[in-house]
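Listed after this line are the structures, all set down as structure tokens.
There are two complexes below, and they share chain A, which is joined by chain B in the first and by chain C in the second.
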Partner chain A sequence: MINDYVLPKTVEDALAALKQGNAKLIAGGTDLMLDLKSCKAAADTLVDINGIKELKGIKESDGNIIIGAGTTHQEVAESFLIQEKAVVLAKASGSVGSLQIRNTATVVGNIVNAQPAADAAVALVALGAEAEIVDKEGTIYQPVENLYAGLAKCKVDSSCQIITAVRFPALFSNQGSAYVRLAKRGALALPMLCVAVAASLKDGKIEWVRIVMAPVSTKPLRALEAEELLKDKEPSEEVILEASKKAAAMADPRDSKLRGSRAYRSSVLVNLVKRGITEAIKNARQ
Partner chain B sequence: MNKKTLTMVVNGKTVEKMVEPGDTLLDVLREELGLKGVKKGCGKGECGACTIIMNGKAVNSCIVPAMQAVGAEIQTIEGLSNGNGLHPLQQTFIDCGAIQCGFCTPGMIMSSKALLDKNLKPTKEEIKQALAGNVCRCTGFVKIEEAVEKAAEILKNGK
Partner chain C sequence: MKNYSVVGKRLPRYDGTQKAVGAPCFTSDVSLPGMLYAKVLRSPYPHARIVNIDTTKAEQLPGVAAVICHKNTTSKLFNTSATIVFTLPPLVPVKDQRIFDDVVRYVGDEVAAVAAETEEIAQEALKLIEVEYEQLPSVFDPKEANKEEAPDLQGPREHGKNLPGEKIHLELGDIQKGFEDADYIFEHEFKLPVQKQCQMETMAAVATIDADGKITVYSSTQTVHPSRAILADLFDVPYSKVRVLSPPFIGGGFGVRIGLSAKAEPIAIALAQKAKRPVKVVYDREEDFTSSDTRHSGYVYLKTGVKKDGTFTARMMKAVLNAGAYCSFSTETHGVLGCMGLSLYSCPNQYYDGIAVYTNTTPSGAMRGFGSPQASTAIEAQLDIIAEELGIDRREISKKNMMKVGGEWVLPYQCQSIALEECIDQGAAAIGWDKKGTFDNSGSVKRGIGMACGTHVSNAWPFCGDYSNAYVNIQQDGSVQIAVGSPEMGTGVQTTLSQMVSETLGVTMDKIEVTIADTESSPFEIGAHASRTCYVVGMAVTQAAAQVKKEALEFAAKLLAERESCIYCAQDVQDLDIVDNMIVSKSNPNKKISLREVTIQAQFKGEQFIGVAKVVPQNAPPWLAHFADVSVDTETGKVTVNKLVAAHDVGRAINPTIVEGQIEGGLAQGYGYALTEEILYDENGRQLNTGFHKYMLPTAVDLPELQAIIVESDEPTHPFNVKGVGETGLIATAAAIMNAVYDAIGVRFFEIPMTEEKIYMALQESLKSCE
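And then the complex of A and B:
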């Protein structure tokens, strides 16, 4: 039962408000409101971060793109900066729910909620993003991919810690990214599979690549062996296919009434990864 | 339980209500302000029947906490007609046969208005994107798209 609703103006005030009893942070609330209603989550007090100005918006600083915790998916999807220097995230955020959901739900909420298929979180892992985490001890930075403590469990405790922002290096002109998503229909549909890729080219070869697949594990899954295979290689169709097969072999999709059978998803994943790598490389060359 | 003061502008008028901290905006609009044009459908942010415009953006009022509307400007279907006639979107929905049972209509129209407030020359794709979060089980959507196109035309010429 919610007994109080607090709208702090600063991060310090938000942390102080969290200390009072069983309090939880709320940003967009598109997941939390449902979880509270179905008793999957409980809180006496909601601490709403939408009044904290410093947590709003997207900026570029010293080669990093920084997205505040109060920034919605639609703001990210429409941002020219993100479209130009991290298109994988623009596409991922643009495919979340419906426009009404994207107008309220936040990118950082995708991390805290820790669903393995949360589109923006999958893209953030491909971009090598870090979360800025603030609590009474101070501020620390943690890679987003290390914040998963199990299915739908985030290591960040939203009853005493705040992710204030995510940051990642803006992609240079020799780097590119891509997001590939398979769903039952083109809008307002959960992903059956999604693949996020970021790649860097140097002298015609792949300098590095990050390949992330979901939902095929309890967290967005890096295809590390495939990434290693592609390193320092010229991106030929053959080597991309070989890497895609290696990536798909690492995945462990479940049979799901919502997302399709394990057999189907395992088989189609090869093509999705291949498409993701190919598009990211094309994007890097543009 | 401590009731909280919620002050917001609804359809151009400032209103102040005491609300429960856990109320949704939909609860307040329907039950406190009597705006029954805001429909409760799925209650999960999936059907779009409860769509309203909050600070210029279409949102699902069924999952927005009421207290997030502090200081906000809210538009509901009730605010569209000026009393002397229907809003062009309301008229074209009727003219195009974009209404059957009518339950989704207020949400459809508010999503359409949020689009047309920013873009009076939307493409079919843009209309579909803007309405992707609104489900209609009667009309098959094509007539709704036509109604939005027609309303855009009227609003454009009227400007």
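And then the complex of A and C:
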């Protein structure tokens, strides 16, 4: 039963409100409200961060893009800044749920919820994003990919810590990104598979690439061996295919009657990674 | 065909404003003083005996007003579907359901129900009901359930193992001779999935019982009078002491509540009787998925004999459908499948055997198409194979074999109109059939075009009891009231029925009001099913309007005769007509009097103009040709439908916008049937797709351009040449998409939905076999 609903104006007030009873943070609430209703989560106080102005919006500072915790998927999907300098995230956020859900659900919520295939979180890992975590001790920064503590478990303790923002380096003109998603329908469907790729080119060769796949593990999975293979290579069709196979070989998708068999997902993943890499490189060249 | 001034016009919908402004117009909006809220406890097992049930703790929870289970409700048998009204002798309606039983037969079957002050308390009370189950053996596949070793789910059955009703057998000519005459014989079996209606409003009922025991039920039923019959029999009260009504609309139906809204009405009444207060039952979406009827899944086997030129010599069909845990409409659906499946094409030798078999799954019942989509999917996919093997154009093989006016078929009525050839030609032109085979398919995305045909009914006569009554009354100011028992479930019947009355009577649309779906405001009406309202109820209101017009004109003739010293005498009534609310002389248009003035004068003489019509219809087959243009991504198996075209011989469209809406909605449902929609079960008999997030209805972003083409034909059995169009939109959609997918990738599928996984894996398989 929810007895109290708090709307703090500052992060400090929010931290203070979290100390009262069994309190939980709420931003978009699109997951939390369902979990509360189905008794998967329990709370007597909800602390709504939407009144905290400093957590709203997207900005660029010193080559970093910073997205506040109160920023919705739709704001990110429509942002020219994100479309230009991190298109993988614009596409990922733009494929969450439906317009109604994107208008309330937040990008940071995708991290805290810690589902292995939350679209925006998969893209953020590809972008090398860090979360800004505030508690009574102060502020720390942690790579998003290190925040997973197991299936649907986030290392951030939302009863005493708040992720206030997420930040990542804006992609330069020689860099590009891509998001590939396979789902049973075009909206309101969790992905059967998704792949996020960011790549940097230098002198016609791949300077670095980050390839992230989901849901093929308990968290968005980096295809490190494939990334290593592509490093300093010219991006030929052959080497991309080889890397894609290597990436897919690392994946461990489950058998699901609703979201595809392991055999199908393992096989089709090669093609999705191939598309992701190819498109990210094309994006880098544009 | 005759030209009309109101019929055939794209007039705005009667119910449009109320729905657009969100007016409270559905059963779930009903709130009565002192009303309680009900929740239902459902079985977690597919088959079990309730050894013990203890409701004491639930009854003691503050706020709980009544708890019911098999121990304190009637054990009378009934059928939630309207079969007691539809079934004609010598057939006997199957009654195999109780409100609650001591055996549960599928996951979601009703165990107990609670009425409480709030929904939350009712939900809480369910957790306090203690049930001890003894699990029983279960079976989920209809072929397995039909085998001797399968458990008996409803005791020993008269017609065969786990068969709720009779086998259906149809025969024409000599099937063996037909196969002997054939140059080629094709044999295939197709597997069809469980599809769900997914109507927007879930099952709902509000019951209230007055001090004298009279029962009133606000209900989401598609058939108020048959529902009244089911409920009155079940609760042992006279029909006249039960009132069933829609308040005023239903949020869609697609067949799922032809009869009761699952068990919403009987549970609401039983709780209201016990609590002595009004009770509201509204299923949540999960309950709607697990515990209301679905489309029949199953198997359709085809063996077809053809001459080299594509002429059919023999058509054999066999169907084994999954009835689910209770009969519902499982004595009828396999009959329609056989009848419609055979009657699309002419063939001298035909043979059909069909059964529906009990299993421990959610009951199958009526869903838009009622057997015809299952038939058409198989037949039209096979015909694509036959056409290709014989090297005949797909359009030509359909045209060559299609039914003719007066042609011989298994149906007990005549085919009196068919414009299928025009449908094929116009549809082919709209999809760009000439592009077929010319696409550049060298890349990983491959494009193709396919087509399929179908037919259906305009009502259920003569297979089931089918008749309508209507009441049309000119009010004292010249306005008109129509009363019919049909519901408005989104099909626009108030608009189309008014258009037919307006055309017949000469009264403008703004003066016509239609009372619907209330057992106390209209004579008996069998209800909205079998694409019948515009056809049969349309006949009834037209007939009643003609009668009332005759009465009004006769009175007007007398009145004018008195006034104008016999320029108009009574025998000149033939010279009068009603045009735009004015009674006018056909021979002298300057002579006129308003209908309003006539009715005012009539009132002074104690005269009312009342038309009552009683109609037993004939039947008329609608015809349709569907076309699909698809792209298949061979690297993922994903199908993108680029365009769907549906050309339908609808007889005449009373309101073309409404007809197009019906066809487009059907196309969307057919898209889902072909590609994404399916209810699967796990090994414990639990449904895996229990809500809109897990059941893949297509969304607006998935659907392609939908083009509905209306082809009119001169159907003689209806005063306005109408044929049924409510169900036709999805009948051939899946087969058209299957054939288009084959055209794109060269792989045939014998099972739908064609998910990306099935397509991808089949492509991998075909690559392997090529190597």
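Throughout what follows, the second predicted complex is superposed on the first by the 286 of 286 C-alpha atoms of A that agree within 3 Å, B and C clash if a C-alpha of one lies under 4 Å from a C-alpha of the other, contacts with A are read in each partner's own complex, and residues count from 1 in each chain.
Note that in this section a contact is a pair of C-beta atoms (placed from the backbone, for glycine too) under 8 Å apart; a residue touches a chain by one contact, two chains touch by 3 or more.
Fair warning: this is a prediction, and the values are worked out from it, not measured in the lab.
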Touched partner set for A:S261, first chain B, second chain C, both or neither:
second
May I ask you to decide whether A:A152 touches chain B, chain C, both, or neither, giving the answer as first, second, both or neither?
neither
Would you sort A:A187 into first (chain B), second (chain C), both or neither based on which partner it touches?
both
Partner touching more residues of chain A, whether chain B or chain C:
B
With both complexes overlaid on chain A, does A:A16 touch chain B (first), chain C (second), both or neither?
neither
Please indicate which partner A:A249 is in contact with in the superposed arrangement: first for chain B, second for chain C, both, or neither.
neither
Based on the superposed arrangement, let me know which partner A:L272 touches: chain B (first), chain C (second), both, or neither?
second
From the superposed pair, tell me which chain A residues show up as contacts to chain B and also as contacts to chain C.
98, 186-188
Contact footprint of chain C on chain A as seen in their complex
98, 182, 184-190, 192, 257-258, 260-261, 263-264, 267-268, 271-272, 275
Which residues of chain C touch chain A in the complex?
635-638, 676, 680, 682, 688-689, 692-694, 696-702, 755-757, 760-761, 764
Which part of chain A faces chain B closely enough to touch in the complex?
1-5, 7, 26, 29-30, 33-34, 36-37, 45-46, 48, 50, 74, 97-101, 103-104, 186-188
Chain A-facing residues of chain B, complex:
1-2, 4, 20-22, 24, 43-46, 48, 51, 57-60, 63-65, 67-68, 70, 111, 128-130, 132-134
